[in-house]
Amino acid sequence: MDRISVRTLFFGVYGELAARREGSAELAADSTVADLVEALRGPGGLDWLPERVVVAVNQGYAEAGTVLSDGDEVALIPPVAGG
Amino acid sequence: MDRISVRTLFFGVYGELAARREGSAELAADSTVADLVEALRGPGGLDWLPERVVVAVNQGYAEAGTVLSDGDEVALIPPVAGG
Amino acid sequence: MSKRANDRVRTWITRESLDDFGRFENIVREIGSVEDGALLFFQGRVRRTNRGRAVSRLRYEAYGEMAERELAAIGHEALERFDVGSVAAAHRVGDLGLGEVSVAIAVTSAHRDAGYAASRWIIETIKVRLPVWKHEHYEDGESHWVGAPPLEAGTSSGGSRFE
Amino acid sequence: MSKRANDRVRTWITRESLDDFGRFENIVREIGSVEDGALLFFQGRVRRTNRGRAVSRLRYEAYGEMAERELAAIGHEALERFDVGSVAAAHRVGDLGLGEVSVAIAVTSAHRDAGYAASRWIIETIKVRLPVWKHEHYEDGESHWVGAPPLEAGTSSGGSRFE
């Protein structure tokens, strides 16, 4: 498979800024979290998204270098504020 | 008044060791807490009572030098163990 | 400790009120033991004043499944890090009014030192790790995602575009 | 803070059970306020094992009037020392079985830092200042006043000469 598709989730203020809570992104196979963030921030995209945004893949915190797979659920996590 | 009389209270293990919970003591006027403790520890008395025992006079912690008055309530306070 | 770790940790994310102490009393009775000489129960509540602004109500949004996982992980990690007997922790989501409980944590332990330390560690860890976000509404009609960077002029008032 | 200090402190010594959380929930509701974002509730309970011995039950004796005064003084002093909204504290006297609550302390505060610090200070201060004594009974039939110096041979077993 040359291309993979991941599901993107936008929480809190990111959902507000992106004007959506869910989306999807197509990426080259073996793309990393950092590649996805770069693509999202690209021309005409979510330029407000921090370069080092916190990301969870399949409901666990992930590193920038984490390699994505087709069908992954990738959440963009603004500063948490529980408690 | 040459002599004063104070009421003595023995709590916890002191009540057990003294074989009484309440008593009274006659002292010279202007006696201090230290004088009372010395009298209690005296010949035939409560020789196990620590010289620097914690004492409350009229339900408040008192110093060794606190002067006693006729009718005072003096409690002998073993190590406390609340909580 | 005779109970297995899974029987000594209870965590959940809920839309239902956490205000009632009694709910926690029952859980503590289930998961605690007579070797526990201390119970520490913490509640975080919606405070009227936050950073000088008068809050009218707020809404917590959670990444549901991940929040459940993280809260359970925090509970189990507390059991490993501290000498405690049991941990119960719950976080509320949805709309909350003033004074309502947003988070509740009960820790039982043989000795109080470990209980205080674990309780404090759990709430601090929730605040940095649990994927939950707070949308505060103020008495002046504005609203704001707590922890979010300040928005540009023109977008900071008028409340959220989502609700 | 709109309430006077006397309305924000509630302390008592009691022969009645302190096991019920609900009693404290009601008191916290009375004396706390919507400016309090944190509640910290501590319970000390009769633990089965103390210093390696199996406890069967225990009895707390208090210097009643002085204990009431000291506990009230501790509550008010906590309000002065820490940035807390309200303090409720109670100590049990009489006979207690395993697992029963001997002391309960509820502190509300705007921020949790002050709440944890005040709660801890109150229990530590109770332990050094409150005129209350604990007579532990063990499963082997012996008994001992906690904190008392070791007695000479011949008087240490066979339990208390008083009951």
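When the chains are written out, they are named A, B, C and D in that same order, and each has its own residue count from 1.
Quick note on the criterion: contacts are C-beta pairs under 8 Å (C-beta built on N, C-alpha and C of every residue); 3 or more make two chains touch, one makes a residue touch a chain.
These figures come from a predicted structure and were not determined experimentally.
Asks: So with chain D out of the way, what's still stuck together?
Replies: The remaining chains, counted without chain D, group as follows: A, C | B.
Asks: Going only between touching chains, how few steps reach chain D from chain A?
Replies: When the steps are counted carefully, the minimum from chain A to chain D is 2.
Asks: Averaged over CA atoms, how far is the centre of chain A from the centre of chain B? Could you give it in whole Å?
Replies: Chain centres of chain A and chain B, defined by C-alpha means, are spaced 75 Å apart.
Asks: Could you grab the centroid distance between chain B and chain D? Build each centroid from C-alpha atoms only and quote it in angstrom.
Replies: From the centre of chain B to the centre of chain D is 26 Å.
Asks: Report, in whole Å, the distance between the mean C-alpha point of chain B and the mean C-alpha point of chain C.
Replies: 51
Asks: Please report how many Å separate the Cα centroid of chain C from that of chain D, as a whole number.
Replies: Computed value for the inter-centroid distance: 26 Å.
Asks: Spell out, as numbers or ranges, the residues of chain A touching 2 or more other chains.
Replies: Correct list: empty.
Asks: Residues of chain C that touch two or more other chains: which are they?
Replies: 44, 123
Asks: Applying that definition of touch, give me each pair of chains that meets it.
Replies: Pairwise, the chains that meet the contact rule are A-C, B-D, C-D.
Asks: Okay, in this complex, where on chain D does chain B touch?
Replies: Chain D residues touching chain B: 44, 60-63, 65-66, 69, 91, 102-103, 123, 126-135, 145-149, 160-162.
Asks: State the interface residues of chain D toward chain C in the complex, per the touch definition above.
Replies: Chain D residues touching chain C: 20-22, 24-25, 34-49, 98-99, 110, 112, 116, 119-120, 123.
Asks: Across the complex, what residues on chain B touch chain D?
Replies: 9, 11-13, 15-16, 19, 21, 56, 59-61, 75, 77-83
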